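In structure tokens below, several structures.
Consider the two complexes below, in which chain A is the common component and chain B and chain C are the respective partners.
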Partner chain A sequence: MTGTTRRPVITGMGALASTGIGADVVGRAAREGLSGIGPITRYPAAGTPLSLAGEIPDFDPLEHLEGPVVAQTDRFTQLALTASDMALKDAGLTPAELAPYSFGVVTASCAGGVEFGQKEIERLWSRGPSHVGPYQSIAWFYAASTGQISIRHGLKGPSGVLVTDEAGGLDALGCAGREIARGTAAMLAGGAEAPLSPFSMACQFGHGLLSTARDPERAYLPFTRAASGFVPAEGGAMAVVEEERAARARGAVPRAVILGHGTAFAGMLRFDRSAEALAAAARMALAEAGLSPAAVDVVFADALGVPEADAAEVRALRLLFGARRAEEVPVTAPKAGTGRAYSGAGALDVTLAVLSLEQGLVPPAPHLDGAEPALPLNLVTGRARPLRPRTALLLARGLSGSCSALVLQRAGDGP
Partner chain B sequence: MGECTGAATPSTSDRLTYEQLVVIVRACTGVQLDAAGLDDPELELKALGVDSLGLLGVVAELERRYPVLLGPEAEQAVSPRALYDLVNAQLARGDRP
Partner chain C sequence: MRSAARPVAVTGTGVVAPGATGRAAFRELLAAGRTATRAITLFDASGFRSRIAAECDFDPQAAGLSAREAGRMDRYVQFAVAAVREAVADAGLDTAAGDPWRTGVSMGSAVGGTTRLEADYVVASDRGRDWVVDHRYVSPFLYRVFSPGPLAGEVAELLGARGVVHTVSTGCTSGLDAIGYAFQCIREGRADVMVAGAADSPISPITVSCFDAIRATSARNDAPESASRPFDRERDGFVLGEGAAALVLEDLEHARRRGAEVHCLIGGFATRSNAYHMTGLTREGLEMAEAVEQALAQARRRPEEVDYVNAHGSGTQQNDRHETAAFKRSLGAHARRVPVSSVKSMVGHSLGAIGAIELAACVLAMDEGMVPPTANLEHPDPECDLDYVPMTARSQRLDTVLSVGSGFGGFQSAVVLDRPDRKVLQPS
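Let's look at the complex of A and B:
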């Protein structure tokens, strides 16, 4: 980030989404505009108003993690641990080789260990307190993923947990970037969610933003006249962030630079105010990056799929870019194909934006090519566009009001 | 996991075997033990990968499956052998709670 010569770069990525397991698999699916949205199978959803979600196909935690780890963790932590293992492998980084206290972890969480918690609460109510397992005490809470990642890899550097809703997936990367600038050698950063339990979905349903559509092709259509809410999803991503020169010195290839991050607050479910807050967050991120809005080549939108929120996001783009450029800048929303994985969504967008910068291709927002646009945007639909973006702006909004922006840039040959 | 998944229906046996302890520990903590050699009093639960929370779950499961009330001594047991001895001593006394 500016004001320092210590530039944070992403050197490794791991991701799991409804479109597959692994950053490259998820990236390929996004480029091809594939969708992972389908009927809910993680709990009996028949007879409930919510029938669709983005579930990770064939994720068996025991294929990725040891039995004791699986026994004491919720699925959201199992996803974060798996993504972290993949990110470290991708980065070719062995934590033990870094100086003690120089490697930290920051994750974002929105739902916490809600599936684990629901099972234990069911035992409490049906059988009594002695039937609640002791691992409930560590599995449910938002810090579980950061804690388990820290334990697994011996990470004792600056660590934290961000509970800022969907915006957290971007905030974690921004926070990691700042820790690198402050002198930390490496960070694991991102977020993963597994919110598909009846308790969690019942809570979510009350706000009226979940899509009750039954056709996976028509359920989550942000920025269109058919927009009817969003499809919830599980999944997320973790990235290894390092200081650029040290990363290059150890032979790592930086995949992208974290140039700037900003965050602002709009108010609980106040999408009418989110235009100003999103624009403010984006301005902060660009100011930190030392860039003008004109430098943005592609926007990964929050794309809530709720007409009022979509309109506010377009207003944010107008406030940021001016009316004309707001209609020209390419905007995409791959989460229309994966479903919206809460704080995992921003982290998945980071993965896809990095791949987009590397490959010169902007992935499309799936399902939107046949839908009538509600707003004047240069929305990437249908197939990936060979736009060779250099700078990406990522936007994310939490349902409770957090609005964040992250600026990523192609790594290039050096600082 | 409370009500440890994979653990069979409550036992009516009047004695805990190491084989049964292996099943319970695996169900409650995910740790796979080997029944052979578990009677070694020097063998520590912690070294085998059973942490303090895991042990709490194992004790609760033992209390569900056997007519015993184990308490803090079992919850702080250092070895599988100590746990085994506590359960079987109570079962032998027959002082069912």
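Let's look at the complex of A and C:
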């Protein structure tokens, strides 16, 4: 997004993950290498192949939202609404102070309101059509979170919903950046997911990518010889994105700059053949940022945790950086500790990358320090590293084939 | 991003609509004002309040899908693939010859694989008895249905596209928004060719019952063929539909270089939210008016230049009055002169798909010089006092066309289509 005089900056963040509630809490847990992966408690999972997930501990929607809002929303929307409230508060931005139509919302969604939907379908089939409630039509569909956020805060600007599966969190931020460049004053952008309902998980056993391990410490080990799939998670993050000058003029402190976004297609479920597309997405994002690959100080990897997919991601890094630099550039994967929260995963990585740029610390990929590396990478494990990164490259790949990249930079003193 | 806005051409269209598989059949349906609404046949709807829908008589084999494709793809994806194949053929586009990294896909869907998910859930849960379903009774390929992401993925694989590929799911404006996003991608230089459209196949027990619960759909079960009655005072809700449409969008220069026939240009796109209510609409229509004004401004067209308005026209009282107010506000005195009609009167409301189907109808209307009618408009609602083209299509040259959509969540979108003048199209 170079060349434009309208630079998009992140001025506020809200996040919820298996490691806690609030961007700072999630950030601290990531720095300390803590894990939120544990036994599934949201439904009796004993007889199913999946026993572990990243569940948000102690999320009571009524602590964050009003009863009527809770009644008409699925958990994924409750998470997105809560993250949005936190992000707006962090940004110190009152939407009513902006011109009408100048504040929009873009979320990424993949699972939608799947738990709410399962309950209503259960009612329909066990009790009959008249038992389906009035909120089914607005709670389970993929656009529910964007709509509810828009209503809650009076946001009438350009709004959208993208479905690129796990790539969606990065795409939402990229989309928000472009809206700012087009002239919109502010966007709330990100994604949050709550896919841990029994039917939702039953839909996913067929692809064979889920980790069926039972030891939380050994379940999600990307880039290692013990990699055996990913641990699914709920959670996500929302960010307030504004045009830099206007943000500074109102006294806000930009937390990071969105410099570039790129996306390319690898083929559905072709994580194993995603190297070219992932590298292409990263090149596009860096070209938009006006940077060469050498400027990248840290990579937040997609880190699926499936050997062929991990190998493809490493190949993408080699294509992008060259063989030598690909082994030197610090690579991290905090999602090994939070679990993979579908469209929320990329948004969580944005939160952690912004904190990393601010604090000068790269958070580790938890659980990996004892595992034998499968691939030659400078993987950050164990403790956070004081690398003082200036530019972060974030990578994500979706099940339906989209590969995305986002370039974030430390905000500094201004353009 | 800052590059000069590149003109975006529509070079191909494809349609799978209720009562009309393919462009030629769709053109004939629109010209005749024929309705495709009927009693639901896709499942046993006895016991439901609304038992009518606009269904596609779709034969995957006849539409060119192999048995393998048909087996793998959900119904709405099959619709999309058939529409995309027709659009690509219409555009004369050899996708293998282009740069795959500059070719993308933007497809909309409001509810994705819901119908299939429900069907599998009913089996695996023993008709809703088991909350923790036995996954062994669920199709092992259901991960392809779980999210609507694979809609765009399937289309991209069909085309060999490697560029921007995404599904857009903004409820009932998904179709307009997916095409709008594709327009922005080309306009801003992120792609040269985008195949864009939308698909939905929502006619299932859960979807019918969720609209029953809020009485949004028509219960005119004794006269299904005349149940979709936008702007008519005897309307009683929308009629659920299904289908798909696709457009091939190209950088105009790209289209000219390969000598493609250009149907029209996309001049502008805007979307706004009402931030008011998940299902309710205001009587003033301010946000839809804003979307219309922004889309026209982007297309550099004045309200007086709009030759035809393709309305959202869902056939609910609040919608019809909302958008009538929005047209008066955005088009001023011209709102009373310009013909306004609703294709949903004929093919129902296919949620996310309809915006794309309606844009395909607009492209056909411009090609043919024909304004599609609003079927079933026999008793005009006195509060809806514009020219809604009742019952019969009209012949009229159309150079600038506006299409709008409105949906749950408060989304209001507008797209402006423009006919290129001859100078624009001369070879470079």
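By definition in this document, the second predicted complex is superposed on the first by the 415 of 415 C-alpha atoms of A that agree within 3 Å, B and C clash if a C-alpha of one lies under 4 Å from a C-alpha of the other, contacts with A are read in each partner's own complex, and residues count from 1 in each chain.
To be clear about the criterion, contacts are C-beta pairs under 8 Å (C-beta built on N, C-alpha and C of every residue); 3 or more make two chains touch, one makes a residue touch a chain.
Quick caveat: nothing in here was measured; it's all calculated off a predicted structure.
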item	value
Room on chain A for both chain B and chain C (clash or fit)	fit
Partner chain(s) touched by A:369 [first = chain B, second = chain C, both, neither]	neither
First (chain B), second (chain C), both or neither touched by A:48	second
Contacts of A:198 with chain B and chain C, given as first, second, both or neither	second
Inter-chain angle, chain B to chain C through the CA centre of chain A, in degrees rounded to a multiple of 10	60
First (chain B), second (chain C), both or neither touched by A:328	neither
Which superposed partner A:160 touches (first chain B, second chain C, both, neither)	second
Per-residue contact with chain A, leading partner among chain C and chain B	C
Contacts of A:68 with chain B and chain C, given as first, second, both or neither	first
Chain B versus chain C as contact partner of A:215, first or second or both or neither	neither
Per-pair minimum CA distance [chain C against chain B, superposed on A] in Å	5
Overlap of chain C and chain B interfaces on chain A (superposed complexes)	72, 120, 123, 127, 130, 132-134, 136-138
Chain A residues touching chain C - in the complex, by the definition given at the top	1, 3-4, 43-45, 47-49, 72, 101, 104-105, 109-112, 117-118, 120-130, 132-134, 136-138, 141-144, 146-148, 150-151, 153-165, 171, 178, 181, 198-207, 263-269, 276-277, 280, 288, 398-402
Chain A residues within the chain B interface of the complex	66-72, 119-120, 123, 127, 130-138
Residues on chain B engaged by chain A in the complex (per definition of touch)	1-4, 26, 28-32, 49, 53-54, 56-57, 60, 63-64
Complex contacts: residues of chain C adjacent to chain A	1-2, 47-49, 101, 104-105, 110-112, 114, 117-118, 120-122, 124-125, 127-129, 131-135, 138-150, 152-154, 156-157, 161-171, 174, 177, 181, 184, 188, 205-206, 208-214, 216, 270-279, 287, 290, 407-411
